[in-house]
Each structure stands twice: as C-alpha cells, then as structure tokens.
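After this come two complexes, each holding chain A, first together with chain B and then together with chain C.
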Partner chain A sequence: MTARGPKANYKLGRQIAPYLYLSPSLIVVGLLMLLPMAMVIAYSFQESAVLRPDTSFAGFRHYRAIFGDEVFWASLWHTLYFTVASVVMHMAIGLAFALMLNSDRISPMLRSVLRVLYILPWLFTQVIIAVIWRLMLDPNGVVNSILVDLGIIGSKVAWFSSVETALHAVTFANIWAGYPLFMVSLLAGLQGIPKDLYEAADIDGATGPQKLVFITIPQLMPIIVSISLLDFIWTMQVFPLIWLTTGGGPIYATEVLSTYTYKLAFSQYNLAQAAASAVTILLISIGLTLFYIRHQKAR
Partner chain B sequence: MARRNTRREKLITLALHVGLLAGLFFAAFPIYWMLASSFKTNGEIFALPPTILPHVFTFEAYAAILTDPVKLRFFFNSYLVAAVVTILTVIIALLAAYGFSRFNFRGKAALSTLIISTQTLPPITLLIPFFGLVVSYGLFDTYAALVLTYLVFTLPYAVLLLTGYLNTLPRDLDEAVAVDGGSSWTALWRVIVPISVPGIVATSVYTFLLCWNEFLFALTLTKSTDMRTVPIGIQLLMGQHAFEWNQMMAMSVLGSLPLLVIYLIAQRYFLAGMAAGSVK
Partner chain C sequence: MKTRKAMTVLKGAAAIWLLGATGALAQTTLEFSQWWEPELPKGSLRAIMDDFEKKNPDIKVTLISGPYATTRDQIAIGAASGTMSDVVGLDGAWVNSLSAQNAIADMNPLMDGSGFDESQVADIIEIDGKAVMFPVASFVYPLFVNLDFAKEAGVSELPSTRAEFLEAAKKMTNADENKYGWALPLSLQSPSSVLNDMMSWVWASGKSMLADGKPALEQPPVVDMLTFIKQLDDAGVISPGIASKTEQEKVEEFVNGRIGMMVDTLAHVNLIRERNPDLNFDVVPMPVTEGYDGKRGLTYASWGIGIAESSEHKEEAWKLVQYMMSEDVNARLVSLANAFPGNVNAKPDFVNSDPVFAKAFEIFQEGYLANEFTGLPEAVDLMREFDVETQKMLEGQQTPEETAAAAQAKWMEKF
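Up next is the complex of A and B:
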C-alpha cells in the first residue's frame, strides 16, 4: 500500500526497535539514577534540604564545613586504611587459596569439596558477617578464649570496643568476607594459562617459585588489576558491616566516609551537608570508575 | 638423588595439605560457630571453655523466631520485595539485553558504558535523594519505596549478565524468524526466551540475592516493623538490651538459608552471577 514496501519498513523497524527495547531500562536509569544524582548535587548547594527545605543558594558552605571537619578527614583515612588493607589481603589470600586448589598434588574430590567451602564466607550478607564476628570477637567469645589459652594475649581484648583494635577488627572481618571474589576469578585465570609456558620453563630448569613469579603472576595480572579496582570501589562503600559492629565508634575510631555521611543525614538530619559529603564520595567513585572502565577497554 | 626428591615431594604435598586445612579453618570455622551457637541455649553461648558441640542441643531459638509473628513478617517482606524486584528486573533487563545483543544503533557504546558504571555508584550517595523523593511522594515506609530503589542496583547486573548470555546464542535463530516474516518481538519471545532459560535463571538468582541482602535502603526508607526486612530484623535483635545471642544466630541462619540452598543446588549459576560484574 505504501510506496516503501516491506523491506524499507523492516529497515525502519530495525532502526527504531533497539531504542524501544532499551526504553524501560533508560526510564529506570534516568528517573532513579540520573535524576537523584542531579538532586543530591543540588541539595549540597542548598541552605537545607528535604526536611524543612530552604532552597536558597548556600554556595560552597557545606563543602567548607565538611573539609573543615577533622572527623571527615579521620573518616577518609579510616576508609583508606580499611580499603587498602582489605584489597591487599583479599588478593593475597585469594591467590594463595587459588594456587593451593589448582595444585595437581591434591585429589580432584578434595579440590571440589574445598572449593565449595572456601567460597562460603562470600555468601553471607554483611549484616550476618557482622553478627558472626560480634559473636567470635566478643570479650567472652571464642577468639579471646583461644588466644588466651595459647598465651598470645594476656587478658581478654574487647576487639570492637577499644580504640586501638576496633579499626583492625572491622578490617579483619571484611578481609574474611571478601577474599573469595579474588579466589574464584584467579582460579578461572589459572586454568586459562597455557600449559606449554610451564613446559618450556621446565626444560630451562626453572624452580617452582621462579615459575610463580615469572609465569603465573604476570599471566594473572590483568585479572588482579581489574578485580582490585572493583574491590577497591566496593570496599570503599561498605556500610552495614561497620554500622553493625562498631557504628563508627568507639569515639570516631572506625568512622568511615559512609558512616560519617549517614550520621550527618539521619542522626543529625543535616541533609544538605550530608549531600555535600555524599557528592564527595561520588566524585571519588567516579574517578575510580573511569580508571576501571579505561582499564577494561584496554584489555 | 631420586630418593631425596621423592622425600622432598612428599614434604611439599604434606605442607600443601596443612595449608589447605588452615585455609579451611579460616574460611569455615566462623560459619560453623554461628550454626553451633544457634542450637545452644543462650547461657551456653559464652561458656568457658567454649563448647565445640552444643552440650544442650536445642531448637529453642528457632522456635522463638518461627512463632513470633513480627519476625515472620520480616521474612514475608524480604521474600515479597525480592520476588517482585526480581520479576521486574528480569523483564526490563531482558528487553535491554536483546536490544544490546541484536542491534547496532547510535549511542550503543555510550549507553552500555552508562549501565556498566552504575555498578560502582555509592549507595549512600543515592540514599539521600531517594529519601527526599520517597518522602515527597508519600512512599516512606512502603514496599514501593524498596522495590523502586532496589531496581537501580539490580538492573545493571541483570543487563550485563543477560547481554552476555544472549551474545552466546547464534543469530541465525532470529534471522530464521525474520525470513518467515516475524518481527524481532516475535523472535525474542518465541525463540530467544525459551532457549535463554539458564541465563534467566542465573540472573534471577543473583537479583534475588542482591535484594535479599540489602540493608542500607531498608534501614532508611522503612520504619514500622510491618515493613522491615530480615537484615533489619537481625539488627533489631542486636539492638535489644538483653542480647538473645542464640536467636540472633538462628535468625542469621534462617536469613542465609535461601543463599545456601541456591548455592548448593545451582552453584554454577550462582557463581556466574556473582562474578558477572567482575570478569566481563
């Protein structure tokens, strides 16, 4: 009927169709991600936001308040310590477990059983990880009892409620919870390394450690870098684990950027200032994300 | 020489097994301890010396939780919200994945980067405007508040996972439908969806778990015990003055049950989901 015929119609369909298929996702991303991001930026420049809002322009007042707050800087350092220590240990433990599991010295049966068990910590949500470690690290808990018996500590330690140990304790709990991501990815990576690389090294008389340093690690490097970046971004945002073990305390000993922001918003109800803090976190995340995307594209 | 080598070999193998055992203790003991404690009486939890097996094996903590209508409501809420979000996510993501996988169009690269980068958005940053939106639209303390906000975090993973899956399916299938005069819509529902069941299952599993585990939004966007989910229920138990440790552990075990069941039945799908963001 139309001059264009079915073929032209088909082509037109092919041009419009992808946008139609994508539109529900784009609506979600637009309304629930881009709009809120614009809103949080707007909030951070308002006198006050959400509760008794005053939309008059506050300039950089909230940002100055944040950057002038020593608790903010303490939170930033705690976040950095927590994140760097977690990522490094996740990688070290994940690599050690992956190498052990990949060894041909163990039976396939044992390997598959251990693989299932080693992944377990990853399955639990942060709330439950917090519960588990509060039980384990309670002053009267099993960890203290073992350490005292072994003579490693003289008396019971209140791991989560003493200023000296709290940050290490939450970091430890997070290390325990997060290494399987590395382990699973590295195990997949190990299986992808060509066997002839090792055979060639054997002919040259290379030792086990030499093969590890000169073949295995370099071959795994792309995976190590990309998982480290993702782990870094995610660990930086950890909230429930810290909220439910120490709540950022004692005093500010385990305050991290997420708990600092949360308290500003929902304990002090200073949502405009919390927005400034949230935007700061967002900028750090965007920086790291751009780095990550660039790395992924280079691969 | 040869004998020394075999002794050396044996030593290495022994050291490896010691290492594996240490690893097992590190990974599994805390979980065992949670499980064992959930079957103890509250008085035995911090007994000295610690009891490796419960002296008095009791289901008291489980009974206390499973007969408390308030706590059962937490479980109902968690299942409901996770199920609704999973259904919505899979449908929306499937359409997007089909678009990404089967069409070339202007802005494709930019859109896929946008969706990938959503994965790394800090939840705390979105929480503040979400709180503003939820309050101003009267959605505070409703299921809708949770469903809508969870979608933002589940959708990117689901789109990535499903696009990856659809890319593995041959294009001849769609082309066969096109030759027969069928539209791409027909191809999607008649041909692609039926053979994508494994991908859809993996995506559903992962989406469900993301929702099941969510804490921050549930904490902030709901208030009444009628609307609280399991993670918040566990937190509420922790906040009480007299710690019912055995109940806390039992609730944690019950709260982990969906994960453990899915993990043990469908390990392959599960790991595919978990690793989705990282290895793609």
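Up next is the complex of A and C:
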C-alpha cells in the first residue's frame, strides 16, 4: 500500500473541483429534468403504467397503438401545419414591423407608440389570448361583423366551430400572439447593422428592395435562423391556446400532438400510451434541438 | 431554589411529552380536496369545517380547493401516485376509474362500524359492491325559458313535448337579430354537454341509453334523440358555434337574451340573476316524446364525497363524511349551494323563499333523478367520443343512425 502524496491529492482536487462547482446545477437538472424524462420513457414501455402497482413490460405495444391510430397522424399533420405557418408568419410580420420601427421615415414619437402597440400581444398569457380570440371570432363577434359589413363574407362564419376554418383560426391567433419575439430580436439585429454598408450600396445605386435582400436579410440571417428554430420548438408544444379555443375539435380538426397526449392521459387515463406519445414529441424536439445546437456551433 | 424551579420545568416538559406520546394531545390533520369552495359563498365551507373542528377537537381539516377541472386532474394524479387527499370531492363520472385503481375506499365497513343509518341518504354509489361515494348535493338540470323572449315570439304555452319545443324554438329564432331558440355547447374541452344537453332528452321520457349495464346507443331512444337534435340543427334554431361552444358561453347567451331556452343546472339561478337582474325566466321539466305521460327523468350532477384508500386516517375521514351527510349540516350546505340534499331529511331553506327553486323542487319531487354516466368506465371519455360523433353528424358527415352505431362501437371498447 502506498500513501497518496500531497501533490497527488492536490492534482485530484484540481480534477474534481470543476465537477464540485457544477454539482448543484447537475443535481437540480438531474432531479427536475432527467429523472422525470427517464420515468416517462419507462412508463411508455409498461402495461397500465402508474395506474396499477403490478405493471409489466409492454415492449413497443403502446408505440404501435399510437402509430396505428389515424388521429395521431392527423395530430402530427396539424402540428406541422400549425408550427410551420406560425413560424413563417411570425418571421414575416416580425421583420416587417422591425423594419418599420427601425425606419427614419417614421417620426420618433410615432415609433415609440407603435413599439408599445406592437409588443402588446407578448404581454398576454395564452389564456388571455384564447379568451380574446374566442370573443373576436365568435359568430356574433367583431371580426364577423366587420367582414360582413365590408362584404368580404356573405354570412357569419363560426371560425372555431367549422372543420374548414378551425385550424386556420387557431393558427391565426397563435401568429398574432407570437410575432413580437421576432420583432424585438430582429429590431436589435437591425440596429447592429453597420450604416456604411447601406452608404456603400447607395453609392452603387442600389434600390430599397435590393438593400433589403442583399444587405439587411443576410446580416440578420443568424438571428432569423436561431429564433426560427427556437420558435419551431416552442410552437410545437403549444397547448393552452388550442385547448381553450377548440379543445382539439371540431371532430379532430385542430387536434395537435399536445392535445392528443393530454386526452390520452387525462380523459382516457391511458398514461402509458400518453407517455409513448410524449416520448414521440420529445424525440422530435430533440432532433430540432440538435439542429439548433449544430447551427449555434457553426456560428 | 434554582434546582426546584428547574425540576418543575422538567416535570412540565415530561408531562407534555407523555401526553403527546399517548395521543392525548395528538391531532389528526385531514386533507379535503374539492371544487366546491370556489363555487360557494366566500368562507362558507371553511365555516362548516370550523364547526366540525369544534365538535372534533382532535381533527383539523385542511381544505384543498380549486376549479372542477383542476380538482379532477389532481385527483387522477393523486390516485395514480397514492397521494390523494384523505377526503375527496367526487363526480359520479370519475368513480369507476378511481375504483378500478383501488384509489377510493369502500365505506361499507365504516358504515357498519359506526352504526350509520343508511336510510337517511338519498343515494349510495356502489361499484362492484363497494360503497364508494355519497352524493352530498345534487344539481338538477331543468329547461330554462326566457319568458319575455317567449312572449315576444308568440309562444303562449311553455313546451312540454319535443314537437312543442321545436315549434317554440322556431318561433323564437330570428338569425338576423342574433336570436335563437336553443344552445348546444359541444366543445370538446369539456364534453359534459352530452350528459346535460343531449342525454337529458332520453332520460326525460323515461328511457335509457343502457341495456343490462351496457351501451344501447343503437336503440330507438338514443337514435330518436339524435334525430331530434339534427332536426333542431336543420331548422336553424340552435345558436351558431356549436362545436366550440362551452357551457359558460351557453349561460352567457341566455343571460344576454340571445337564446330563448337552455338546459342548465339550477346552481346557475343566482348567477343568472346577478348578471341580468331584469331577466324574466322560469324553469320547466324537460320536454318528452309524444304520448309519454310517465315519470320524467331529471338529469342531475352531484357533489359526491368519498375517502381515499391510501388515507391513514380513515376513521377520522369517515367522521367528516358523516358530518357532511348529517341532516342539519347537509341542509346548510345545499342551502348555500342551491342544490338538492343528499340527506333525505334535510330541508334546504331556499325551497320556501324562492319561486324558481320552489318550482324546481316540484319538478324534482314529481320525477326521478337520472344520470346514467355515474359509475361508467372512463365516463368523460365516453362523453367525448359521443360528442365527436355528434359533431360529425352536425357537419353532415353521417346520419343519426350511423352516429349511434359509431358511438356504440367506440363505447363497447371501454366495457
């Protein structure tokens, strides 16, 4: 047996120290994130998970059940439509408003007022947004009234109750709620673009649209990609807005993965299948997150 | 002197320790989770608990209160994880699942052990021979009619049959003025409308949606009800936005004079009066099929009470349940809630003081309480499946017969 010398102890201490500093965060992350995740993954492979103490291994039965359910595939499609449309429109509206707020052609006073107005949707919780849009898009609501008065629609439309319009209506509400994130981020980016780039373009005789396409957008691209990826991940998981406006209906017209999973868990009390559905969402989210991390590293 | 003082302190401490150890000072804290407190006048349920604590100084009650849906989710999670409160407020739609999980206690041994008089309670909900829930308060669902609306529309007699209802609804409807005869809130967020606004038509005529405890949705009572709903929709008498309308919105439409009739709980009478003190309305029994003159089934929902199987204080929990079901306390609670009592001897005071409640009490006494969803497996999901199929019918995707057949097939998977 050899005694460890003070030098060896010091070396060991130096090696362990970073982990000791990190340990509080690692413990918190482990307990609050990794453990629940591991438990949900385990439930997805159990028979009668959680509900009965005598559970047994179910293999991939629950995954086969949800992948064989046409409502799951409809939910996946609705989730994709809802997410892609929301992200694209968030970006377009966010960019348009950011350009407007960054423009010297608008008076500083008006810009300040618009800045407050445009950011308002961000201040509301999803529950409030759902209530606002339920009232606005009610068959007797203000939107129908305006559209009928303008002659755009012939009769009142039950936006959230019709199979044809419900998914578009919830997507619209989500677009309204989410564009300020893009607007604020892009506005910060716009203010960081060097003025001399535009001055050089002016000397070269570039038009406004050309400056937008060849200077502004390329300069903003890192922000656009980062925020789009984050927005994609967040929008995919939206639950309260859809639940409180349509409940996933009419029929299954606005069923998305989050409402599908919720119904499995709290309406059917099929927690094992709900876990399998949740793990599927997790895998999609992990895929997107890895893409995001790779993009961040590349930057 | 100092030693004597110290000894006295020590003796006192030892006596307190001894009392605590022998249980003389031991106090049991019961958790009671329910959604009733927010729906009752502020502080009234706490006052009932305070009186219970005075009568039982060794028991403390902690109320865990939240909205209905939150309480339901909490109980579902608590049942799964074995952390349910000792005493729980229950809905009849939940008890089958909770019993299957062995999460709610059989109260039969507790009743036997305490010599409880079963004849004093209006109903005991049993699953597989286990007494799992007492309805503490029952909220009946008659038909509410806006009398001024009806008079304006030329409806002289309030409807008593389905045909009369359709006629009255047609007269009341004027789409250009946003006025409609009836509302059907089929939002999937909370599909209880299937119970309140749809199956109530079946039960009113003394019929059933079950046969030998199994779904019988393809039988005439349910198919006829679906055909009738389709007829109402085709006639354009139902206010638009059916598939996303919630129960609250239905009540709002009635309060604002946009619909002439609705099926609703008596518990909303005070709310309706608060929101629109000038609204002139009455309650009538649910209309029945032509020629039916038997007793009418009156849809009800109840505040039920039960004990968690995982509770370590079942004896104390049973004391609280007994207290809530006792004649005086039950009368006090239902008077506050505008509900009908779970104790047959309890007399709520509102029956004598309010004409609408007096009328409802008459309807209650002339008919019988009906809610066939109580005790069914995954009752909320059964309602949701039926709701989806009804929405398909109203979208024109299937006939009432196909709707009934599709719902029957889905329901049979649960039985």
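Operating definition for what follows: the second predicted complex is superposed on the first by the 273 of 299 C-alpha atoms of A that agree within 3 Å, B and C clash if a C-alpha of one lies under 4 Å from a C-alpha of the other, contacts with A are read in each partner's own complex, and residues count from 1 in each chain.
In this section, contacts are C-beta pairs under 8 Å (C-beta built on N, C-alpha and C of every residue); 3 or more make two chains touch, one makes a residue touch a chain.
These numbers come from a predicted model, not from an experiment.
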{"item": "Fit or clash between chain C and chain B when superposed on chain A", "value": "clash"}
{"item": "When both partners are placed on the shared chain, which of chain B and chain C touches more of chain A", "value": "B"}
{"item": "Chain B versus chain C as contact partner of A:76, first or second or both or neither", "value": "neither"}
{"item": "Contacts of A:258 with chain B and chain C, given as first, second, both or neither", "value": "first"}
{"item": "First, second, both or neither for A:125, with chain B first and chain C second", "value": "first"}
{"item": "Touching partner for A:13 - first (chain B), second (chain C), both, neither", "value": "first"}
{"item": "First, second, both or neither for A:184, with chain B first and chain C second", "value": "first"}
{"item": "Which superposed partner A:158 touches (first chain B, second chain C, both, neither)", "value": "second"}
{"item": "Which superposed partner A:237 touches (first chain B, second chain C, both, neither)", "value": "first"}
{"item": "Which of chain B and chain C A:215 touches, first, second, both or neither", "value": "neither"}
{"item": "Partner chain in contact with A:138 - chain B first, chain C second, else both or neither", "value": "both"}
{"item": "Superposition clash, chain C against chain B - the stretch among 242-250, 260-268 or 296-304 that is involved", "value": "242-250"}
{"item": "Chain B and chain C contact sites that coincide on chain A, given as residue numbers", "value": "50-51, 134, 138, 140, 244, 266, 271"}
{"item": "In the complex with chain A, residue positions of chain B that touch it", "value": "12-13, 16-17, 19-20, 23-24, 26-28, 30-31, 33-34, 37, 45-46, 48-50, 91-93, 95-96, 98-100, 102-105, 108, 111, 113-118, 120-133, 135-136, 148-149, 151-152, 155, 159, 178, 183-184, 212-213, 215-216, 220, 231, 234-235, 238, 245, 248-249, 252, 255-256, 259-260, 263-264, 267, 271, 274-275, 277-279"}
{"item": "Chain A contact footprint on chain C (complex, rising order)", "value": "72-73, 76, 79-81, 97, 100-101, 178, 186-190, 239-245, 258, 378, 380-381, 384, 387-388, 391-392, 395, 397"}
{"item": "Residues of chain A defined as touching chain C within the complex", "value": "50-52, 134, 138-140, 156, 158, 160-163, 166, 243-252, 263, 266-269, 271"}
{"item": "Interfacial residue positions of chain A with respect to chain B in the complex", "value": "10, 13-15, 17-22, 24-26, 28-29, 32-33, 35-37, 39-40, 43, 49-51, 96-97, 100-101, 103, 105-106, 110, 114, 116-128, 131-136, 138, 140-142, 145, 149, 176, 181, 184-185, 188, 223, 226-227, 230, 233-234, 236-237, 239-240, 244, 257-258, 261-262, 265-266, 271, 274-275, 278-279, 281-282, 285-286, 288-289, 292-293, 296"}
